[in-house]
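In order of appearance the chains are A, B, C, D, E and F, and numbering begins at 1 in each one.
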Amino acid sequence: MAQGQDGAALLRADALSLERGGRELFCGLSFTVRPGQLLQIEGPNGAGKTSLLRILAGLSRYGFGGRVHRQAPQLYLGHHPAVKALLTPRENLAWHVAGEGGHSDARIEAALEQVGLYGYEDVPSMTLSAGQHRRVNLARLYLSSAPLWLLDEPFTAIDKAGVAQLEQLLENHVQGGGAVILTSHQALQLTRLVEFIHLDAGLVA
Amino acid sequence: MAQGQDGAALLRADALSLERGGRELFCGLSFTVRPGQLLQIEGPNGAGKTSLLRILAGLSRYGFGGRVHRQAPQLYLGHHPAVKALLTPRENLAWHVAGEGGHSDARIEAALEQVGLYGYEDVPSMTLSAGQHRRVNLARLYLSSAPLWLLDEPFTAIDKAGVAQLEQLLENHVQGGGAVILTSHQALQLTRLVEFIHLDAGLVA
Amino acid sequence: MWSFFHKLGSPPWLFGIAGSILRWLLPITLVALAVGLVWGLLFTHPDFRQGNSYRIIYIHVPAAVVALAGYYVMAIAGAVSLVWKMKMADVAMRACAPIGAALTFIALVTGSIWGKPTWGTWWVWDARITSMLILLFLYLGVVALYEAYDNKEAAGKACAVLSLVGTVNIPIIYKSVDWWYSLHQPASIRFTGGSTIDASMLYPLLLMIVAFYCLFTCCLLMNMRAELVEREARTNWVRKLARAGEARA
Amino acid sequence: MSVAQWVAQLDQNLYFRSVDALLDMEGHGAFVWSAYLITTLVVLAMLLLPLRRKRRFLRQLAGELKRREGSPRTKGGGD
Amino acid sequence: MSPASRPPATSAFCLTLVRRQLTLAVRRPVDIGNPLLFFAMVVALFPLGLGPAPDKLADFAPGILWIIALLSSLLSSDTVFRSDFEDGSLEQLLLAPQPLYLSVLAYILAHWLITGALLALVSPLFAVMINLPSAAIPALVCALALGTAVLSLVGGIGAALTVGLKRGGMLISLLILPFYMPVLIFGSAAVRQAALGAPAAPYLAILGAMLCLAIALAPLAIAAGLRISVDA
Amino acid sequence: MSPASRPPATSAFCLTLVRRQLTLAVRRPVDIGNPLLFFAMVVALFPLGLGPAPDKLADFAPGILWIIALLSSLLSSDTVFRSDFEDGSLEQLLLAPQPLYLSVLAYILAHWLITGALLALVSPLFAVMINLPSAAIPALVCALALGTAVLSLVGGIGAALTVGLKRGGMLISLLILPFYMPVLIFGSAAVRQAALGAPAAPYLAILGAMLCLAIALAPLAIAAGLRISVDA
């Protein structure tokens, strides 16, 4: 909350509190996200991780108190992969990034290749496996120019090699001056980088 | 394939092969599942784990060769939690088990409590978190009388405590004369029990 | 002035003031209703064309008039809650809808009962009747939308948006229905304007209209009190209220 | 004007001379009375429903509070 | 592993199914009113579009009510299995140790109850509003009840085939739609005859025969369609 | 982190959106086919319901065509945002650095193209089938094109407000049918006037004015509704 080195902050949360279904999920949660930070939100099922991320992204407004200062563009990937079963991965991805910037078809193809969907660019997404489905969505990370990523359980359904690759990507992003806030029930391998927000206690670690 | 100690087999797969989207996913896959076995199907995304489970469950018939002999009732829990957002966990679970046997309301409540949904029995499922959603589905395991369980990524969205508890449940089931075939990208803690089917090679381990 | 608005935003103050208004308005309303009814039913002479069935007018017209006015109360409350984010306006808007729907329902039912002896049919597609039917739909839409949301805060906002859309649209709907009727107007059913009403009939009617306005206000305040209590369930003043009620019981 | 006079005048102004006449209303009684009956019912519902809603909610809340105070402070589930 | 419990009577299972579907449709009391209000509003559209003259409307009344029935059946039958397909409930239904024929019938029954049966029940009110002769009302209710059941069954075939997003399935379901036609023809004929004072029974008998045929065959087609759809 | 690329022109974004919606619709032809088939069936049913007296039919043709257009718009508008809500695309739309007003308009445009515009295009065929005087056909097409656009916009409001609710599609009809009524009145009046040989232009002008009003205001309400729904 101190205005110290605030110039570089990507996001500042002031005294966030949230009540859902009659229960107080957290209160007095304040933190600042600066470039180079990788924050993992931890807590048991139902602790309010998803809710917190949605508040940070600006999607949720009811029942919460406090203020969120967003000082940089964000990329939010939620639980639902937002992949349309009837469209192909290429079409899905093209539409996802259409709001952010005009990406050439070649770049989209490259991103799909990087998430291991080479050869699957033009099949209908409904024939993809669960992990491949998710990967279509994760391909956005390779195209995003937003410095702050908000990722809700990005490793769901991804195989081991995919998780390792994704962690590498997160590390690169963080070391390149970006920041990541993510939730996951799996422990990251990049432990030396990670800072935690434990939600059950409502404290910042 | 040998008819050896077949009397006790819960499921026998003979020379299974599967072609999907022009690619051969596996072929000549034969194995027998006996009480006390815990099989984990492994492989990267898109290897055909889900497809194999669906074949074993009898949901998928196209494009596959070989024979599956089902010799005991099964319980299949797929990727999708089959939890209706509009119904409460209690109603969801009651409907899920309705096909198998009449369970009293007390047993359903006990099962929900065991998966950590105590106090959430009567809220609409759409207000549940991702992990709680999944837990509604997993509560079926506590009510099931089927000896063979087919579980497709049961640990998705479940927190650490939940995973440990679920592993304990699987172990109990296996040691009580049941059998489990599951897919997961996370390594199980019960490694001494687990046998693997590696799908990428199309070989039985 | 500002402090008044500020107070309006304070739920316990509103709850209290609504209670004290109700304490004298409710008896007045009931007395006015009773006097108006007895007057209309017993002390007026029948209409020379419609006979005694016209006595329905003492409920039909007040209900219709107040139901129409109610929509504007609702829409204004909705606008205030959306624009100035005043929670109390939200509560008021929510409280208006069921009352308006009930009054519209009364107008429709009494009208159609009136129609049977007068026109020989329960229902005609007259312009005014049709608009009244549409008004009922509009009210019920707001009620249904509110009930459909679990999150009552979101429900309030959604209803405010809907009633604002309604404000823009109601004049259009009314004009177009009028116009539609004049375009088609079949000779068989001419709706009497009712402007040549006798003074002896008019006074009880006016009294009943006033009484219905009071009734509307009473119901509004009562609904608001119920709504306030539910929304503020976790605040201290409501808890105190609950404990007090418990002690009394 | 004395009260007696006033009552007498009122009585003179009464349109219906008997209860039967009042109920029958020259053949229109069924219509008029059913309209008034329905209106009365709806108005009663309008007045009583919010009252009942508030009472019931407060009672429920009181019970909830009592339960919570009675039992040792527990944190809601979700473990 | 919990102690083995024998599979419940199929009838109990189907009852649970119907109840579940009804619960989903009417989660709260207000929800029951919605379809009714919908019907009322659509009835109100016709005078607005055609003009308020009572005799004209009366002429049209059977057709109008049948259009509403068709519409609410046609456009809601697409969703009978969709959400169950998407969230995996359909797989569980196929795997349940219960005859699919009957569980499918339970789905259709639930769909019919909240569209056709409801409409048939409230249709007298609307018939009065659009001046249908009151002599025709019993025939109207019967014809609607029978006919909408056929519509629900036939619509279910289309729904089962299209639920898996299969292109071929869509074609078939478009081919099935014309089977709605005879229902409409006989249904509105029954009402019109009754309005004219002629006996409606022969037409109702034909509708009944169609219903028997549909009950016997449609669930088979629906079950097959579901199996195909689930097996993407 | 890839090199910063500036946000694309909003027009390009909206175009992508429209194209995506159209692709989705074309890949699920049932969505397009059902309303058209409904239209065709009702048109075919009407002569059956009335007895094929041509003059009577022609009298009613404008109203009938309009009511059908209205119903098919009504029942398809429920789906405008639903699947996007369920799979999370809607959140992404709200987060995209683009004016929501315009992206919402793009959604509505796509919906109009596959319901209203298509219907307007094929309506001459149906008009001929129910003996509408051919002089009225241009007015019919224009009126349908203008009017259905208003319907799509108004329907979008209902869809946005109810998309988070996961309840039967009946609620939305409740909300928006009253707002449809002016369109129905003026639309059918335009066609009827043209059929009588009178100029339809004044009515079309009124429809146009409604359209302008709707374009100006409805997207605001839709955007507000979507924000409410995503966060319910």
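Throughout what follows, a contact is a pair of C-beta atoms (placed from the backbone, for glycine too) under 8 Å apart; a residue touches a chain by one contact, two chains touch by 3 or more.
Since we're looking at a predicted model, the values are computed, not measured.
Path length between subunit A and subunit C in the chain contact graph, taken as the least number of steps between touching chains: 1. In terms of the distance between Cα centroids, subunit E is separated most widely from A.
Rounded to a whole number, the gap between the C-alpha centres of subunit E and subunit F is 25 angstrom.
Centroids built from CA atoms put subunit E at 36 Å from subunit B. Distance between chain centres (mean CA atoms), subunit D to subunit E: 41 Å. Centre-to-centre separation between subunit C and subunit F, using Cα means, comes to 33 Å.
Within subunit D, contacts with two or more other chains are made by residues 76-79.
Across the assembly, subunit A contributes 44-47, 62, 79, 86, 127 as residues in contact with two or more other chains. Of all residues in subunit E, those touching 2 or more other chains are 27, 31, 34, 37, 41, 44, 48, 51, 86, 165, listed in ascending order.
Residues of subunit B touching subunit E in their complex: 54, 57-62, 73-74, 76, 78-84, 86-87, 91, 94-96, 98-103, 124, 142-145, 147, 173, 176-178.
Every residue of subunit C that touches subunit E in the complex is listed here, in rising order: 121-126, 130, 133-134, 137, 140, 143-144, 147-148, 177, 180-181, 184, 186, 188-189. Chain contact summary for the complex, subunit E toward subunit A: residues 165, 232.
Contact residues of subunit E toward subunit F in the complex are 25, 27, 31, 34-35, 37-38, 41-42, 44-46, 48-51, 56, 59-60, 62-63, 66-67, 70-71, 74-76, 78-79, 86, 114, 158, 162, 165, 167, 170, 173-174, 177, 180-181, 184-185, 188-189, 192. Across the complex, subunit A is touched by residues 151, 153-154, 234 of subunit C.
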